[in-house]
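Structure in C-alpha cells, see below.
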C-alpha cells in the first residue's frame, strides 16, 4: 500500500475512533497534513466522522480551498485546520470538536483547565480560551468560517497543543494523527477529573517538569502508542485499516 | 415515494433517534404537522418511540382527536402537541420528553436554564418553567391530559422554542422535524454544561446577538443539518428510511 | 400458556430488564408472590439477573426456605423478600438492589431522598433509611441473612414502597412485577435529579397531593404501563416472553 | 485442562472483564502469581486488555524480567506487579489501572478515599496515596518503570489492598484473580458514591468492624463470588473460558 493510501486509512481510523469515544458526534472533524506536500492537508467532506470512509477525503490548500474540482460540500470550519497548519509547520494533525466535558471550562469565568493526570500531560502548561467576540464582536454565529477567524484562533493557540473555544469546543494540534487522537480522547477525561477533584477542595495538578518529561518521553512509534491505536481501531470496527505495527 | 410517505418515514426516524439519544425512553413523543393539512398532525399511537414504525402513526385534529376510526390507544398527553400547533401556525414539529438532565432546572427555585453553548442556541433567550399547579392546583397527576392543560402550557411557551415542565419534562417546538430533534438532543447537553460550569463559579453564557445570528443562520436544508440527520438515522439503525439529501 | 408459566416468564423479563437498566449487576434480585399460593414466592437461584431463565426459578416459603428438594444455592438475602411478603399481604413483587445513584442518600447524614419528578412519585411521602447496626450492632457484614434481619427491615419499610439500606442498597415493594420494575428503574433517576437540583439551591419537590393522585392514577393494565413493559422487554432481548397486552 | 492452562484462561477473562467495566482502556493491566512457582507471575505482553488472549501471556520473575527468550514488548510498568509479589507472599493477583473515578482522590489535598458501601469494603481501613515525587522528585514521567519505583510503591501499599497513585491511577492486590477483579470493579463505584454523598454534607462510612467482617466473610469459592465471575465473563464475551463452578 502506498504511503498516501495508508495516511488516508489512518485518517478514516481517526474519524471512527473520535466517534467511538464521543469526542465528536454529528459534528467535529480531524485532519492530517499531506505526507508529501506540506502545503496541503487531508480532511473529509462535510460528513459525520462516524460515517467517513476513504472516498470522502478531500485535499485542501492552507487557505482552506479544495484542491481539484470535487464539488461535494466541505466542512464550514475547515479554516481551523488551514490556519493552524499555516502557522505551525511542525504540526502534522489537527482535531476540532465539541467534546462535552471541556465545554464548562470554555465558559467559566473563574477556572482554567489544566493538566492534572498523566494521560492529560499533553495539554501542556497553558490552556487558553479563545473567544471569537474579542476580535469579531457579538455578530458571529461562533463558527470559524474564514481565514481571519482561523488565524485569530491560531494566534491564541500559539505554541500550545490545545486551545478551548468559548461556548463552542476546542482545537488541538499535534505532530501526528495518533497523538492528536490520543490527546482528544484524554482531554475530556482530564477535564472531568479536575472538576470532580476541585469540588472536594484544593488539588495537586501535574508539576511543570512532569509535564515536560512526560511529553518528551512519548514516542509515536513506541509499543505504548501502538497499543492505544490498535485498541481504538478494533473497538471502532476498522482494524482492517491498520498499518504495520512499529518494531 | 409520495410526500406524505416520506413525512411518515421522517417521523419514524425522529422517534428512533430520540430513543437512541436517550431523550425519550418508554415515554415521550414527537409529532409533525400534516404536510397538506395544517389543521392536522401526525403522532404515533401509544407506543415507545424505540418501537414505532410507520404503521403506528395516527392522524390527529388540533383538538387532539384521532382522525378516522382507528381505535388503538393514543398517548395521554397528545394535547401538548395539539395546543402548540393550534397556537403557533409556523410550528412544524413538536417534541415532549422527560430527558433527565433538564429536570433539575424544572424544579430549581434558584437557577434558570439558558443557552451557554453554540449547539444550545436554539433554546433562545427565555426558557420558562410551566408549573401545572399555578392554574390547576395540586389536584393533578402532572400530565397534560386535556386541551385546557395544553393551552395553558402553550401560553407559557409563548413564542419560545422550548418550555420546561416542573418535575416532568419539556415541550419543544420548531419549524421542522430535523430541527426539533436537533434541539431535543442538544438541550440536555446544554443543561449539563451549564450545571458543571456553574459549580465552578460565574459563567459566560451566549450573547443575545449570538443566539439571534446562530438561529437565523441555521438552514434545515444545509449540508450541516443533513450531516446530523444522516448520522443519527444510521446510528439508530433506520438509514433506509432517509429521504434525499439537499443539494 | 398456564398462568404460572407466564408469571415465570414475567419474572425472567423483570430480571433481564433490571440488568439492562443497571439497577442490578452481578448482584441484586427480584421476586414475585406465587399467583395461586400467597404463602409462597418465586425467586431465582443464586445467579446474576442478566443470566436468569425460567429454569433458574425456585419457590420459597415466607420464611425463606426453598420448597422441594432443589439443592442449588439460593440468594443469601432471600429473607428480604420473605419478610416483606410476610408483613404486607397486598405486596405482589419485591426488588432488592444496589443501584449506585441511590447509595449517596443511604449514607448521607443530612439529606433525605424524596420524590421530585413524576416518574418518581411511587417513592411516596417517606423514604426511610434502614441501618442494620441500629438493632444488630456493628457485627454484621451488612447483609440480610436471616428472618430477624428481614423482619427488622420490613418494619422500617412499614407501609412505604421503598426503603434505603445504609451503605448497601434498597428494598422496594409493589403490587405487581411491572410496577416494582418501573419503580426500580426510575428510583435512581429521581435520585440523580434531586442531587443535581440541590447543588443549584432550593428545590420544588412533588406536592403531597400530586404524589397521592399520581400513584392512585397508575393502573398496571393501562396502555401506559404496557408501553414501558413492552419497551423494556424488547431492549432486554426477551420480547418473546411477553404475555398478551391489556385491552 | 491443566491447572496452568485454566489460570491463563482466568487471566484472559480478568483482562476482558476489566475492559468491559471500563477499569482499563488501552492502558492498565492485571497479573496472577504462577500457581506452581511463587517466584514467578503471569502478565500479558504490551497489549490492550480488551485484545489479550492466552497467547499474549508472558511469565516474569519477581524482578520484572521476562522468563525465556520471548522478545515481544512487555508493559513498561510491570514492576508494579513484581514489587508487590516480592513484598507480599500472600498476594495472588495484582491490578494496575487508571480508572477515572478514583483519580480525583489521587490529586485531592483535602479528601481521602474510604470504604462507604458494602461492595467497597475490600478497600479496607486505610487507602494511601503514593506520590512518586516524594522519593524520586519531579524528574519522572509518573510511571513505575523500575524496581526502585515499584518497591517504593509497595512500601506505601504496605499491608493494604489498594493504594492510589497521584495523578495516575491505583494498584490493587488480593489473594486471587476473582477478588482483585471484583475490587477493581467496585473501587470506582465506591469513589463515585463517596463524592456524591459528600457533596450533600456529612456521611456515614462503613464501620471498622463491618469492614473486617465483610472482608473475612468473603470466600472466593462461594456461590456469591462465582455469580459475579460468571456474569462478567458472559458480559465480556468469553464465557467459554470459564472453569468449573465451585460446589
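Letters A, B, C and D name the chains as they come in the text, with residue numbers starting at 1 for each one.
In the analysis below, a contact is a pair of C-beta atoms (placed from the backbone, for glycine too) under 8 Å apart; a residue touches a chain by one contact, two chains touch by 3 or more.
All figures in this text were calculated on a predicted structure; none of them were measured in a lab.
Touch-path distance (fewest steps) from chain A to chain C is 2. At the interface between chain C and chain D, two copies of one sequence, fewer than half of the residue numbers in use appear on both sides, so the contact is built from largely different positions. A rotation of 90° superposes the C-alpha trace of chain A on that of chain D, rounded to the nearest 5.
Averaged Cα coordinates give chain A a centre that lies 32 Å from the centre of chain B. Separating the centre of chain B from that of chain D, both taken as means of CA atoms, is a distance of 46 Å. With touch defined as above, residues shared between interfaces to two or more other chains in chain D number as follows: 199.
Taken chain by chain, the contacts form a single closed ring in which each chain touches exactly two others.
In this structure, the chains touch in the following pairs: A-B, A-D, B-C, C-D. Against chain B, the residues of chain A that register as touching in their complex are 25-27, 46-48, 50-51, 73, 76, 98, 100-101, 103-105, 107-111, 131, 133, 138-143, 166-168, 195, 198-199. The part of chain A that touches chain D in the complex is made up of residues 116-119, 121, 189, 192-193, 196-197, 199-210, 213-214, 217, 223-224, 227-228, 230-232, 234-235.
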